[in-house]
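Alright, structures below, take your time with them.
Heads up, the next two complexes both have subunit A, just with different partners, subunit B and then subunit C.
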Partner chain A sequence: MTGGPHMADPIFIAVAVLTVGTAILALEARELIYGAIALAISMLGIAGFFLLLDAPFVAMFQIAVYVGAVAVLIIFTVMLVRTQALFTTKEDKKRKGAGIALMLIIMASLGALLLASGLNGQFGNFDNAQTVDFKQIGHLMLTYYAPALIILGLTLAGSVIAALALARREDVEQQHERTD
Partner chain B sequence: MATYTKNFRFGEFVGSLIWLILWILIIIALVGLPLIFIVLFYVPLPPVNGQVLTPYLFLTMTVDPSRTLPIIKYMIHTDLFRITTFPGFTYAALIAAVTIFIERKFLAKMQLRVGPLYAGKIEGILQLIADGLKLIAKEIIVPSGADKPLFWAAPIAFVAAAAAVVALIPAAPTWVAANVDVGLLAVFAILGFFPLIALLFSWASNSKYPFIGGLRALHQMIAFEIPFILSALSVVILSGTLNLTGIVNSQITSYWFIFFAPISAFVFYISSLAELERIPFDLPEAESEIVAGWLTETSGMIYGLLQLGSYVKTYALAALFVILFLGGWAGPAVMPVELIPGYTGVQIYNHTTADAILWFTLKVFGVIMLMLLPRGISPRIRIDILLHTGWYKLIVLAFINIFVALALIYGGILGPGGLLVR
Partner chain C sequence: MWSNNMSELIDFMLVAVALVAVGIYGLVVKRNAIRMLFSIEIIANAANLTLVAFSRGLSNAQGQTFALFSIAIAAAEVAVGLGLIIVAYRLYKEIDVAEFRSMRG
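Then we have the complex of A and B:
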């Protein structure tokens, strides 16, 4: 956000260490609640990446949605459920090693794919990168991407109605409890 | 009666004082002065009267008034001053302190009581300092079985989040610590931290009343978050910007948005009461039901920090109301153009900024009084009514004004080139 591309490097490294470190902590923490908090901090780190990429609008939504809502829901669930009931820990070194190896293979293949694809050329010219203007995003959403926006809106509205239908309780009607 | 220790000698007392002064002088000479000079070499210093201020001359120059003023002027315009002092934390904390005192006296007068009376002769004006000293002196008791790291971290995080909201609030033209393009969104993003902190703190207390209070806080804040954001949305539509300074400027060039979006202002006011856990929405700390809610296990400065945080948050939300609906710092010019007539030296005083600060502070106090008012007259509401209000009524009300705002924009009344835009 501030300074040129050369200023961002130490900040980038700090945010990267924070994000990856807390992500590992989220997996490895003994207490589930600390794992959930680490996950929230990791999401904050991702918001930091968006800020570094000159996309403050996306960064703010990342914080509002992921830290403000998703992390709260996860912590809420973790608090109400006993750890023993949730997991039977099967921890042995083979599984762990296999997991890490699998993760490295996936990351390496994804990276190779990205480097091989046409996206590669765009990574070089940071100097010409412009701030992603949220007004432009809004304009595009209502013009070029309007059909996609309408479909998304209908999907979300449908899922909200479905959630209401699922959460609706028949036995509440019998109690005749006034709510206002 | 004060008692002396048995082998007390006045000479030894004086001797110990002299030793103390000697040690302080040695430490200042060996550590303090070098530290000041190291800092001065790294801090950029302003030119004074055409002469570059060097660290060697700093101490001699600061005692000369004609040279002190430029230095003060330079210091006022640094980012550090903005973050720590004027639109930032000290200003907010000062308003928070005044709010606590006003709240106690104001509610007392409403209910025909006297309120704080004894500390400081005149109307208990020193009550706040006495309370603060008491809180600092009290022992902090951490409950057994509490999650210690979270128990200590949550109050600090609470104050830090409140201060982060304050950093985004402009108090006068160009006087803001962080002038970001997406200021309003940033405010709501930070406000999302508060339910998380309340929930974590209540869990860390390892006690059932705090936990019930924490769950209530979570329900309440999430239920009112959506009408809160929606009510600000109509202002965004009317002004066409998310930048808080931009929103104020668009009200200066037309009219205050409370005239165009009164329903939004009402929804915003109710939602901010719920967000602040103030009566009638104080279910998370309902003292007659669940001891003190999520604050039950707090003592000493942990309680002090949470109180400070919540009153700083009160200032921040009142200031946000002023910025969104009451035209921010707009107001008639009342301050004198010159403080000292005929003075032609370095100017620190700027009458437009002084006007802006005056009107902004006055409006903020007006809104704060409005937020304090329900505490004197209203009982606490039931939780199902609270959730019903948040999820059903306020969201619908907020939508009404969004459509009004859209009609005003598309009807050519407001917005670029509108009828009512000067």
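Then we have the complex of A and C:
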């Protein structure tokens, strides 16, 4: 199939609608907690795309990190901050209209650019391409990208320590020390 | 495996464009710091989708490797972002970014 309009896979369309729909819901849901759950479902949809792209390893990683860690972290924070502050949605109607217009302009222009880019049909329907084995990914990570992997580990450790240091309450701790 | 013989690279790219547009909309319109973090996550996910889609189209493992690195970095970013939001909430009793008038504290 080269160029021109084509029928996409029905599973693909279902996952696409789910992912984009829940992404919009994540931003527009009235309660932040429902938004967080919608975001988790949107990330599951992205993992579904990774499965469709024959990248099961990345899909599992996505589920483990995003749905398992990030979404739970966000839900915890939403519950910690849960007060009236979350329910006041102070939004300009004008600003919202401008935002929707900007969104549509970006969608239309980038979409037109993509359709005109010659990418359409260039890779066919992935028939010529071989799927990537996860052993290849592991090999790359431990050989060529080994320094990047080490730096990534250090970055993760640093950011976790930084997050702990940020969220610590020094005033409370000092009071406890004084009373002791 | 769920083989898909009907969707092409361009379809995945169009979905990624839609997600980026939704994320930019959120960053422009929303004033709630947690919603802005959601928008950033949506944009990062769209980027990962393009990486994996091109990895599939070019049958190159580097795209998937980069996507894995990107997911891990995004997790670190969320941890720090939420830490900042909690500190800001403690200082201002508010997570509306327009209310964070000064960086004192």
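To be clear about the criterion, the second predicted complex is superposed on the first by the 121 of 180 C-alpha atoms of A that agree within 3 Å, B and C clash if a C-alpha of one lies under 4 Å from a C-alpha of the other, contacts with A are read in each partner's own complex, and residues count from 1 in each chain.
FYI, contacts are C-beta pairs under 8 Å (C-beta built on N, C-alpha and C of every residue); 3 or more make two chains touch, one makes a residue touch a chain.
Keep in mind the model is a prediction, meaning the values are calculated, not measured.
Peer 1: With the two structures laid over each other on chain A, which partner does A:33 touch: subunit B (first), subunit C (second), both, or neither?
Peer 2: Only subunit B; A:33 stays clear of subunit C.
Peer 1: Of the two partners subunit B and subunit C, which one touches more residues belonging to subunit A?
Peer 2: After superposition, C is the partner touching more of subunit A.
Peer 1: Could you say whether A:75 touches subunit B, subunit C, both of them, or neither, answering first, second, both or neither?
Peer 2: First partner only, subunit B.
Peer 1: Given the touch rule stated above, what does A:61 touch, subunit B (first), subunit C (second), both, or neither?
Peer 2: both
Peer 1: Pick one for A:111: touches subunit B only (first), subunit C only (second), both, or neither.
Peer 2: Touch status of A:111: second partner only.
Peer 1: Taking the superposition on A as described, I'd like to know which of subunit B and subunit C A:14 touches: first, second, both or neither.
Peer 2: After superposition on chain A, A:14 lies in contact with neither partner.
Peer 1: Once the shared chain is lined up, is A:142 touching subunit B (first), subunit C (second), both, or neither of them?
Peer 2: Neither: A:142 stays clear of subunit B and subunit C.
Peer 1: If we overlay the two complexes on their shared chain A, which of subunit B and subunit C does A:159 touch? Say first, second, both or neither.
Peer 2: Touch status of A:159: second partner only.
Peer 1: Once the shared chain is lined up, is A:150 touching subunit B (first), subunit C (second), both, or neither of them?
Peer 2: Neither subunit B nor subunit C is touched by A:150.
Peer 1: Does any part of subunit A touch subunit B in one structure and subunit C in the other, and if so which residues?
Peer 2: 56-57, 61, 69
Peer 1: Within their complex, state which residues of subunit A touch subunit B.
Peer 2: Residue list for subunit A touching subunit B: 33, 37, 40, 56-57, 60-61, 63-64, 67-69, 71-72, 75-76, 79, 134, 177, 179-180.
Peer 1: Show me the residue ranges of subunit A that touch subunit C in the complex, using the header's touch definition.
Peer 2: My answer: residues 1, 6-9, 11-12, 16, 19-20, 23-24, 26-27, 32, 35-36, 39, 42-43, 46, 49-58, 61-62, 65-66, 69-70, 73-74, 77-78, 80-81, 83, 85-86, 88-91, 95-96, 98-100, 102-104, 106-107, 110-111, 114-115, 119-127, 129-133, 136-137, 140-141, 145, 148-149, 152, 155-156, 159-160, 162-164, 166-167, 169.
Peer 1: Quick one: in the complex, what on subunit B touches subunit A?
Peer 2: 147, 150, 180-182, 185-186, 188-193, 195-196, 199-200, 203, 218, 222, 225, 242, 384-385, 388
Peer 1: Subunit A touches which residues of subunit C in the complex?
Peer 2: Touching subunit A: residues 1-15, 17-26, 28-32, 34-35, 37-39, 41-42, 45, 48-49, 52-53, 55-62, 64-65, 67-69, 71-80, 82-87, 89-90, 93-96, 98 of subunit C.
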